[in-house]
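Shared between the two complexes below is chain A, which has chain B as its partner in the first and chain C in the second.
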Partner chain A sequence: MDSLLRTFADQTINGLVIGNIYAFIAVGLALIFGVGNLINFAHGSIFMVGAYVGWVCVTWWGLPLFTAFLVTTLVCALLGVIIERFALYPLRSAPPIAPLLATIGVSFMIDQAVQIIFTPNPQAFPNPLLAYRFQVGGVTVGAIDLLIAGIGVATAAALYLFLRFTQWGWALRATAQDREAAQQMGVDVVAVNRMTFAIASALGGIAGLLVGMYFNTVYPTMSFQATLKGFAAVVLGGLGNVPGAVLGGLLLGLIESYGVAIFGATYRNLFAFVILIAVLVWRPNGIFTNQRRTAPEPLTGTFIARSRPVHIPAWAIAALTVAALALPFFAPNPYLLQILTNAWLLGMVALSVTLVTGTAGQTSLGQAGFMAIGAYASALLTQRLGWPFELSLLASALVSAVIGVLLVLPAFRLRAVYIAIATLAIGEIVNQVILNWDSLTNGAMGITNIAPPSLFGWQAIRPHEIYWFTLVLLILAALVQHRLVRSPLGRTWRALREDEVAAQAFGIDLNRYKTLVFAVAAFIAGLSGAVTGHMYSYISHETFTNTTSILVLTMVILGGMGNLLGAIVGAVALTALPELFRGLADYRYLIYGLTLLLLIRFRPQGLLGTD
Partner chain B sequence: MHKRTRFYLRVLLMTAVSLLLAACAVPIQPAAQTAPPSAGQTSAQTAEPIYIGVSGPLTGPNARYGEQWKKGFDLALEEINGAGGVNGRPLEYIFEDSQSDPKQSVVVAQKFVADPRIIVELGDFASPASMAASPIYQRGGLVQFGFTNSHPDFTNAGGEYTWSNSVTQAQASPALADYAVTDLGLDKLAVFYLNTDWGKSSYDLFAQRVEELGAEIVASEAYLPEEKDFRSALTRAREAAPNGLVLISYQADGALIAQQVAQAGLDVPIVGASSLQSPDFLNLGGEAVEGVYIRGQFLPTDPRPHVKPVVDRYIAKYNETPDFFAIHAYDTMKLIAQAIELGGATREGVLAGLKQVKDVPSVIYETANFDPETRRVVDPQFVNLQVVDGEFVLWDGVKPNTQ
Partner chain C sequence: MESVQRATRPLLEIKQVSRAFDGVLAVDDVSFGIDEGETVSVIGPNGAGKTTLFNLITGVDQPTAGEIFFDGAPLAGLPAHAYARLGMARTFQHGRVFGNLSVLDNVLLGAHSRRQVVRSRAPVVNLLRELAYGLLQPGSVKQEEAALRAEAEEILAQFGERLTPRLHQPAYSLSYANRRRVEIARALMLRPRLLLLDEPTAGMNPAETQEMLDFIATLKARGQTILLIEHKLTLVMQLSDRVVVMDDGRKITEGAPEVVRHDPQVIEAYLGHRHHPPANAAQDDEPVVQPATRLTIDPAAGVL
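Right after this comes the complex of A and B.
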């Protein structure tokens, strides 16, 4: 019993320390969301830069820890201001989804730049504090734990005092509450926005430095996981709610720590994200707010830019389709055909995202999860039950639709950003279940020897065959979706996007139509996943990751929300660009990020405009 | 009627134009990154080079492994080309970045298969990327030599053209168990393993052998590759009172676990898989990895003649100690050169050559032989190592103190 108590105390301390770090990241995200209404995907990158700046200060220049903290704070604040000024400020009157894409581009650039400067190797962050540990009543506490806790409390207090008692703090809160009203009262919202970025980035940088010290390591790819956990903490605490973000971070740390203690380390993320979904369902405003229901957010409607889609005449679309179909006769280069095959497969997923996000206004960041369900369903049906491919392809898409709807069902009450984060969590949950359900999915070993796609004896093996197969599937999916979107059903979906309350007042059963739209989307994504799996011949839980989900959303934003042709154009562009940049070697993804940034800067409504 | 004709005319015209554009665009292959010409080329310089394709991560989360590969390849090429190349022709490689992402590795595979200059391919790094590309290499009749692919099904799933000189878990894991149980005398083990195809299959084979040896695994913990905080899991393992901790980990996570072991109040000897044997493990781990036992495959300070000269040359060239991945890349390049010499500088020649190679000199295996059926190395060697004073040394044979 005594040892159980000691374990419990130890796990609590573990959870609080790691939770403190999550809290730092979450506060930055919450501030930026509150003031700028923006999910900042570059936040993890700033966090990583903070870790590197601290590392350079300590190991290269031999600066004392305190100075290292100061330098990190200043550099990261400056970086935040630069990002705001050059990537986001020019987009201030663009649709709200444009800055989100800009932050994705910025994070690509920062990650790659750090990798080029400091090499991709992890660097040791020697930390003298790690050696000091105390025994307090049988519980072990380290000096570093106390340092993290101390800085956490001090920063939280400073932030509180700043927000509560200074004029700038009032201005910040006023802007967060109502941007237009604040502006009319004479608040310089542009300056407030920039200051928010500086503060949030400084906090992110400090978190990076602390993480680097705590884990004794810094490396360029530490950013993405940090962003993910930061989001989870923010949602737990309630979006745009600073004390909530702190508590959400601590809570997430504790949940993970106890979860690992009871179930094991491999369930860490599964546990965290299941809790996240549960919280979203029961307390969509976060655990630490009084309101039970989310206020009708203006975001849902205005997420879509008011712009006209670029008109592309029917003859041009017909010609491009014919040209695409005839391409293998004229350019039988397998390299080119494989790139386009990937583009067709991702194009199908982009279609599904543009349907959910563009037409029905439900931002989805979990589409790779549906691809994974489709791929595993088809691989298992053909391999274990000996089903023919034609049948398993349809069945797996159906499986994906059914499981997809069941997974998203609890999130139907949520809107806009909440549903984006809920779907992100769902994608992660799918991967974690695949990894841990050994008896069904073969766990981490993956599934080998999946047969190539075939239709009634004809096998799609050679590059042009699989090219045609995927292209025809894409065309079919696009035609079906075009019909759906132009039908009364499509109009209902758009009504849902524009104003849920008004739609409901007109007697539209929201859940029914959300079910339908997610079912169609998961069906198409599952179809694409199944074909991908059969093309690869090997799949594992690492084949369809949430980076793919983000990539697909990027394609859709780039092409123009809700625009079918735009989704396909976006898919082709973003599949081909990294290939075009091959000659740039290490600079490939730096240029890719820059291209994204410039495209969204000059075409914030997407290449082909929103529909 | 008139309107409809115009519509079809436009479709026809547009189709023709876009196809023409596409056909023109195709021959423009993006410039590939080729190896820098090595010093000391004389006669080999004039002849047409022999090209090897490499598909691996140069950007993205696994970029560091691609960097190590390059160093190993370059050192090997310097020697090969310095001695006149292969059959009088210089050997060069074309490294295409795949980020070890299956979406990109299949594209790279098509590119290599379509490029008649490429006669053999090396890589990719992780299983999802490597095994998605295998069917393309197999159908294209291009040997895929996956030198880091320890997935037990890698060569089986691929087929005749899929080869590997990586040790499989079926060979490495029982050897690790022998070291921990028989040599070090640890009989109540806590095992931490990466929950990936490599970690999982290693663990299963390890556990099987431990049982055969009559020892017991009292706690086992699978963890995710991106895991950083092991204190909770270590605290959990502590409750099972093990007398040894076994790490089936990579370098960064292995070092993190070793550091957090003390923080979690778990004080037992640590035994690690060969993947931990890297300078990074020592740098990242610092004090905490002192005394860690490793069932290794290669020791940089090994004085034997098949190791020392190569390591010395490596240090002279890069001013750092080579890790396992760099030396593996070096070995592979030398092996491929020999296969080309035996079978000829064609795709079929490489396959024929690989079937013939015998007793290839190797830094890791001393001499390597392949089983043409499994297309894997036969009977690989292992060495018992320990970290002493921040360096890997041969284990002195003294069993750790277990209470």
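Right after this comes the complex of A and C.
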């Protein structure tokens, strides 16, 4: 009993310390959301940069801790200003999803840059404080815990004083409340926005440094998780609500800490995402406010540029298709065929994203989750139940459609930017469930020895065989989708994308058409995932990640939203180009990020135009 | 309390409807009805609560008190997409066409709630059926689509040469006035029992306004039931069978156009407000002013 109580007390301390760090991240996100109405996906990258800057200061240069904090703060604030100036400021009059996608591009670039400079390997961060621990009433507290708590309280106090009592603080709050009114009263809202980025990024950087010290390690992939945890905390506290973000962060830390103590460490990340979705759906203003009015939502949710699709004559498409089918005869280079096979598989996913995001306007950042469901379903059906591949392929796509719809269903009431976050969290949840449902999915070990694709006795094993198999599937998927998009159903989906209010006024049941579009998209993505699993013969919870989802969305934007041919062109371009120029392979995410950033800025309609 | 029994049941009946926003009554105890074949206008100065009332009638917003009936059935609790099936079609004050869709597609979407596959109600089967129809496009679907298309072109042709040469252009490329026309065509495509027009001539020049007025008059002559929200008085006076005047969220009077236009309260509402009570009076409740105003409402409501 006594030991149980002590465990509880220890977990509480632990939760509060982690929660303190989440609060740091969340406050930055909340400030940026409040002032700029922007969900900043690059925030985690700044956090990670902060960790590395601190690590360089301490281990390379041997600077005292205080100086390390100072340098980290300055570098991260500067980075924030640079991001604001060059990536976001030019998009100030674009639809709200545009800067969001730009921050995703920036985060890809920063993460890859850090990997190039410091290698992807984790770096040990020796604790610069004395490993000094002491007992308070039976609870163990370390010096680092006190440091984090102290910095947390001091920063919160400083921020409060700044926002309350300084002219810049007033300007910031005024801008957050009503941008136009603040501007008319002489507030330089551009400068306020930039300052907000500086403050938020400095806070993010400090959080990174603290996390590095706390866990004694820094690594590049810590960024994305931090962004998502920060979102969960912000959403918990109410978007744009700074004190709420602090409470949300602490609460999330406690929930995680207790949750890990009860369920085990592998569950750690699941809590944040479940909370994220649950709060978004049921308490869109956070759990601390009783307001029932939904958060201010932009009217145009998706990223649809006004353009007509580039007309490509049918004979040209037919000729390209024949050329693609005939390619193995002329260029039987297995390496080339493998790359193109990957492009066909991702092309199918791109088709599904262009349908759901381009045609129906529901920005999806979780498409890889549907791939994972399809892949696991097919692997399990063939391995455990001995189903033939032909049957399991179809069944697993159906499973993906059904589970996919059920997962997204609660998020149907969300719009625009919020559906993007919800789908992102859904993609994460799928992987977390795969990781933790050992008895079904074999947990972290993954599934091995998955049989290769086969059709009625013919096995697709050699590169050209699997090339044809995937290409034919892609063509079939494209034909099916083309027919749907050109039918009255496709017209209804487009209406949903253009204006939900007007669509409803003319009898369009939004849930019905969102169900249909997510079902078709999850079916196609599931199909691609299933084939991917059979092709690799191995899948795990790390095979289909959010990075894939974002990459596919980039392909779709590159090709032109809603444009079927564009999705395939985008998939080929982004899969094949970094491979063809071998020297670029190490920089691929830098290229993806830059592509995304430049497209949004200079050619939002993509190569082939919005359809 | 209730007014005299009408001879026929009105198509749309608004009964003591209020809508409060954080304690402020945007619509305050408004009642009136529209009979089949009638054109009724709601007028009032800016901020009178016309648009809020319109949103309540069209299901975009829900009243905090009172009830609205369509063809005798209460509208409360119906989802926003159910109104179209009842036969209510609306236009939007600032124009909400589907920008990236062609003119023809915009108008065809007006018939959404009339399509066979949409009308049947079996839950999951119906979803699969719509998917199968989209994929296979059987003869029945093609025929329906062709018939609707012909109808859409016919409706668009009623605007003369304004829209017919632009059937396949995206709606965003149209002029402002043309977008308003597309909206009305889309609404007519629903074959509405009640057509709700929210300031159909807002932002139009005099020539375009006259053209729209003639168009609405043609609809009215065909027997279309219309609820018109406007603040251009000339338009209202020429088109309406009956006019409801709102000010400060309340209905101040209701009657035939020529009666309403000489009503001193209407003139006051349009030309300027009486001064509010001095600063020391309670501003929110205004207990002194309200009963006085109400006295003038009740007889008016009772007579009509």
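Following the convention adopted for this analysis, the second predicted complex is superposed on the first by the 509 of 611 C-alpha atoms of A that agree within 3 Å, B and C clash if a C-alpha of one lies under 4 Å from a C-alpha of the other, contacts with A are read in each partner's own complex, and residues count from 1 in each chain.
One rule holds in what follows: a contact is a pair of C-beta atoms (placed from the backbone, for glycine too) under 8 Å apart; a residue touches a chain by one contact, two chains touch by 3 or more.
Since we're looking at a predicted model, the values are computed, not measured.
By the document's definition of touching, of the two partners only chain B reaches A:A261; chain C does not. Legend: residue contacts after superposition of the two complexes on their common chain; A:T610 is shown touching chain C, with no touch to chain B. In the superposition on chain A, contact of A:S487 is made with chain C only, not with chain B.
In the superposition on chain A, A:L516 makes contact with chain C only, while chain B stays out of contact range. In the superposed pair of complexes, A:G507 makes contact with chain C only, with no contact to chain B. Annotation for chain A, partner touching more residues between chain B and chain C: B. Once the two complexes are overlaid on the shared chain, A:D499 sits against chain C while remaining clear of chain B. Using the contact criterion defined above for the overlaid structures, shared-chain residue A:F165 touches neither chain B nor chain C, since it reaches no partner. No residue of chain A contacts both chain B in one complex and chain C in the other.
Only residues 58, 60, 79-85, 89-90, 92, 96-101, 105, 108-110, 112-113, 115, 118, 127, 130-131, 133-135, 137, 141, 145, 170, 172, 186, 190 of chain C touch chain A when the two sit together in their complex. Listed in rising order, the residues of chain A touching chain B in the complex are 3, 7, 10-11, 14-15, 18, 112, 115, 119-124, 126, 130-131, 133, 140, 142, 211, 215-217, 219-221, 225, 256-257, 260-261, 264-266, 268-269, 313-316, 318-320, 322-323, 326-327, 330-331, 333-339, 342, 346, 435-436, 443-446, 448-449, 452, 461-463, 535-540, 542-543, 548, 575, 578-583, 585-586, 588-589. Within the complex, the chain B residues that touch chain A are 7, 10-15, 18-19, 22-23, 25-26, 29-33, 58-61, 63-64, 67, 96-97, 102-104, 106-107, 109-111, 113-114, 126-128, 131-132, 134-135, 139, 151, 153, 156-157, 192, 195-197, 199-201, 221-224, 226-233, 235-236, 238-239, 251-252, 255-256, 259, 262-265, 280, 283-284, 286-287.
Residues 304, 306, 308, 480, 483-484, 487-492, 494-495, 497-499, 501-510, 512, 515-516, 519-520, 610 of chain A are the ones that touch chain C when the two sit in their complex.
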